[in-house]
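By written order: A, B, C and D. Residues from 1 in each chain.
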Amino acid sequence: MREVVKEENPFIPEPMRIVRRYNLIDDVKLFQVRAVDMERALTLRYLPGQFMMISIAGVGEAPFSISSTPSRPGLLEFCIREVGSVTQALFKLKENAQIGIRGPYGNGFPIEKMVGHDLIIVMGGLGVAPLRSLLYYALDNRNQFGKVYLLYGAKRPAEMLFREEFLALRERDDLECLLTVDQDDTRDWPCHTGLVTSLFQYVKGIDPHKTYAAICGPPVMYKFVIGQFLKFNIPKHQILMNLERRMRCGVGKCGHCVIEYIYTCLDGPVFSYWDVIHMKELI
Amino acid sequence: MKTITIDSLARVEGHGGITVEVEDGRVRGVRVNIHEGPRLIEALVVGKTPEEDLNIVPRICAICTLSHKYAALRGLEKALGIEAPWKAKLTRDLMLLGEIMESHSLHIFLLSLPDFLGYPSAIAMSDRYAEEVKRGLELKQFAHRVMEITSARMIHGENPIIGGFGRYPTDAELSGIKESAQELVGEAERGIELLASLDYPSFMEEETVFMALNPPDDHYGFVGDGVLISTGEERSVEEYRELTQERVVPHSFAKRSRYNGRSFTVGALGRMILVGERLTGRTGEYFKKLYNQRWKKNPLFNNLAQAIEILYCLENIPELVDEIVKLEDPPIANPPRTDGEATGAVEAPRGTLYHHYKIEDGLISEADIVTPTAQNLDDIEKYIGIAAEKLISQGEGSNLELGLEMVARAYDPCISCSAHLVKVERR
Amino acid sequence: MDKIGLYSFTGCAGELLTILHSEDELLDFFGCAEVKFFLMAQSNNEEVNLDIALVEGSITTDEQTEKLRGLRARSKTLVAMGICACFGGIQAMRRGDGGWEKRFKKIYGEALLEVDKPFESQPLDALIKVDHYIPGCPMDKGQFFSALTRLLNGNPPSLYRFPVCNECKWRGNECLLLKNIPCLGPLTAGGCNAICPSYSLPCVGCWGPVEEANVASEYQLLQEKGFSGDVVTRRMKTFGGVRMAQLIKDVKKV
Amino acid sequence: MRVLKMQKENLMVFLESIRGFGELWGVVDKGNRFVFDKLDDLSDYDFKPRKPMIPPKLFMHPPKFSMFRFNEKGYEAELEEIPNRVIFGVLPCDIHGLLILDRLFGAEPPDPYYMKRREKTIILGLSCVPGDTCLAKATNTHVVEEGFDLFFSDLDDYYLVWVGSSKGDDLVRVQPDLFEEKLEYKDLEKFIEWKKDRDSCYPVDFDFTAMPDIMELSYNSPVWEKIGEKCLACGSCTMVCPTCNCYDVVDRLALGKFEGIRERHWDSCMYKEYSMVAVGHNFREARSQRLKLWYTHKLQGFIGQFGKPSCVGCGRCVETCPVDINVVTVAKALKGEPVEAFWNR
């Protein structure tokens, strides 16, 4: 009965269950979530870079990027920072608790166009959330892409999300995994120290016209990272970024995410640097 | 010596307590201490326009907000020489009926009854006495609607203004409350019967002086320009200073009143005693049946007097409504002058409320407000003294708190004080 | 079940009465939490550690200050209800003009008061940390229950953060400012359902200032409409308490 | 389009005859304001065109409503209680407003709340004579070709009735004898005459076509700072605008049991909180930025995407903003024309 309503009503969340949750850092957790309906769980399709609306009845809804890759169906992963009411409520929930989810929404990365290209993924802080999806998608479909670079900067080692996971990735020889921290307060950080832009010196041998760059991080990061890509001569429409806006609906109705007449939830959240140039408010 | 403290007789508007000092079984002193922080409202309205005063003074007390509004309106309009349109006058009367009824039903059913029936609160009472609690809530809710349609909201409604109303209630709203009023008459009667069936203990009985406004045309009512006194005199409200003789006492932020050196009582009981005979209809019948000489001596009968007034309101609302709907909405009356001085008074739920203003050049230069509870405080002290002595002499130590509290509560001094705990400190 | 307490300081008791006046919700209210303290409604009150303290009224004496500090110390969450608690209330309308002592004498004369040391009205957060604010004079019962139910579920309240004008337009009212009536709607926190403008009466600001009150512009607008600066600031200050006083001061500085 | 003729005295009979289709609503004069109200009694209704303060968007997109309920078991949509309505007297600019909202709410995935209400609402349009603030001719929204079920053009002693939908046709068929099928040449002549007349009396004539470029060029114009300083952030402009649709969502819980609703209510891009995201970052902290968004949204973005502004020229912002910030003053100022407005003083 409710199925019918749901089908015609995009605002009614689907029941999903928190399968597991991991502490990543102090205020960030990874949630593994699965649709209660098993068939739905296995058939749910999405693209890296898309997001979903997580709903906690009685509290509200908020958009979150999908951190898992569609190449591994069944479980959805979200990497979430505790900042306000929805996220606080979510953090209080135990494994096996039921939540509501709508989506996937947004354009996601233009995977079809990106196939056959080199990839440079640059992330800072919580920018991992959407880009981890892209990263694993590329790794799971390794033969579809050329070189793959991962550049990730955190403030301190303790604040690096998925630290062990990424440290392990350094062993792979089909990926250039470059990690950095602004400051090493532990004194045994095995990788680079410095801003994320300082990792670009290790990016070598790419063909700029055959390269897609993807960036996500705190607003201050974009300007500097984009500058680096421009130096590499990567075409502006091949520099992609995930943007954040306030969102209440996720489907282009509530207006909050609008920029001029562009709805971040429909036409984004992935935009190219070219979009940014002609839409002044984008970043 | 031992000291009995009614710990938190909060407010006339706020917090306070009652201390009773007893030595060798004799009461040495009773003090109602009002600790309520001072707000200095009368000083704050100086330099404001009459319109602004009307926004401010209702905030003195959220239970009698409309009584303050009405008393202020009467004072200010008189001072400015405004004759409020008849429809405005009737609509204001209606709103006052709403407030009286709302305050009384709250007091009787939620605050007083638990005492008589032996519960800590109406909520605790609601299991066994579901009917009664429901009845109280229904009457209250109806009264809210009356207040809402006339004043725009339940508490601190701004709709009554100088010279009229922002918007008069619609005919549909009025006929709606008329209908409900008629339906509720039975509930009010059952309320009176319940209260009449209660046992009113006599441990504090003694005669006192009563005052109430004299409503015009030999009617019962809550608005008037003369003050009746149980000594047989009648004075004008303009003489309120003499009648109430306010003074400051060291132990209280609330001022006190005496008349000719005697403490006195205002409120529903006073109104019944002074003008109860004018009641007609079912209300009149109940009055005749229930009224007796003990009422003059025993403040607990205030509860019964309030119950009768609820019925009075219900019987009168339909008549008032019929009269109001006949009238066109009049334009707002404008003040012919910008200077003047006058006193306005209404019977608030707890008794006579005076608002005195002097206006110069359109701004208030002096304001004086005498609330019913301030007038009652001395009598409350007196009756608590008598009660304490009597109860102690009867060896009723265990019921002391309840007894004293019931006396205080009967005056319904202002809502919070009526629900508070009495602590007896024995030194 | 959460332990809650309802406390009242200097004010008109409008918030606690708003709760008591909620006939439809009252029984559920007492059922949804352990009401440990509510002087106005019950006599079996206890001063214990609380999950939620709901506080109305402003602070005007030393004794109240002590009581409030104690209350804060034993409460996990403390909510200020009504403009007295949030901004100091009408009794703070002249705060800081230096005339308080004089006004006090005017009312009480030279009589010696033994009660408690009084001072000019302070909002709660001048003395302690307040977790949430429910504005209004009095607060709206719908907003209160919406905030309370969220708190009882462990979530912060989600109250309207827009000015009165929003709801005024929902109700299809023509703007009074256009008719040269000095409405304070744009400066005032919404949530009251724009009652006054819906009765063709100007908003007097009884919910206190909205977060982003453009005082300077409204001041200039009303002056242009023929209201003297005095009248305008007086109106703004009546219910605006310490927050409005600050906003006005900021404007004057510029 | 099918066009019929109706004698004026038949209108009331006609409206009475179609009450079976739903509640009848129209714009009424409430003393000092025009609002939509139910027309239960037509006997002293004058059927004159009036511009209500709040446009008809409120029927499809109410200021506040519950989207769904929830409890421990899950969610359940609240859609069933929507009444059928017939709205008489919808003006051309407002019909254009609805068309723009249709596009927005109807886009994939369609908003069921809006769509359901739209479906259940019959629009009876009515021709108008422009008031002081109308600029519909400038926005080319003074004529309508779609978006209504019936449209009544008032030609003094009779109406020309344009049948705009199959439901409109059903309405006509209830009492077909109220309409005259055959139009004469002079009827059309009269209509053209009327239209010419009416079009000549628009007080505000303004060329919006260049707006996108002007907006683009005036991104850093000092006008934004100026209006930002004076804007009261009251949001009135957005509430009365027929094409503003922004909303916010809050969950409300019942007392004592886990049960509640998700409420949707009108929001405004003029409010500070509107663009705030986590950790307090605000994309539009300054009022000037918010105003810029509104005007780029209406006068640049939409034109860019759909070839026309999303301002339908109703003039409501002109009438509503207490500090004279509106499409006309702002557009003029950006074009460098002199503007007499509060914000400019």
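In this text, a contact is a pair of C-beta atoms (placed from the backbone, for glycine too) under 8 Å apart; a residue touches a chain by one contact, two chains touch by 3 or more.
It should be emphasised that the depicted structure is a prediction, and the values quoted were computed from it without experimental measurement.
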Overlap of the subunit C and subunit D neighbour lists contains A
Those chains that touch subunit C and also touch subunit B are none
Roughly how far is subunit A from subunit B, going centre to centre by Cα mean, in whole Å?
-> 65
Between the Cα centroids of subunit B and subunit D the separation in whole angstrom comes to 51
Separation of subunit A from subunit C, taking each centre as the mean of its C-alpha atoms, in whole Å | 43
How far is the middle of subunit A from the middle of subunit D, if each middle is the mean of its Cα atoms, in Å?
-> 39
Subunit C touches at least 2 other chains through residues 149-150, 153, 158, 200
Residues of subunit A touching 2+ other chains?
-> 58-60, 84
Which parts of subunit D, given as residue numbers and ranges, touch two or more other chains?
-> 250-251, 253, 258, 260, 267
Between which chains is there touch?
-> A-C, A-D, B-C, C-D
In their shared complex, subunit C is touched by residues of subunit D numbered 32-33, 35-36, 52-54, 63-64, 229-236, 239-240, 250-256, 258, 260, 265-268, 271-273, 287, 319-320, 322-323, 342, 345
Touching residues (chain side subunit A, partner subunit C) in the complex | 58-60, 84-85, 88-89, 92
Which residues, counting only subunit C, touch subunit A once they are in their complex?
-> 149-150, 153-156, 158
Spell out the part of subunit D that touches subunit A in their complex, as residue ranges.
-> 67-68, 70, 74-77, 79, 104-105, 107, 109, 111-113, 219, 245-251, 253, 258, 260, 262, 267, 269, 274-279, 281, 283, 293, 296-297, 300-302, 304-305, 310
Given the complex with subunit B, which residues does subunit C contribute to the contact?
-> 8-14, 16-18, 20-21, 23-24, 26-27, 30, 39-45, 57-61, 63-64, 89-91, 93-94, 100, 103-104, 106-109, 111-116, 118, 121, 137-138, 192, 195-196, 198-201, 204, 206, 234-235, 238-239
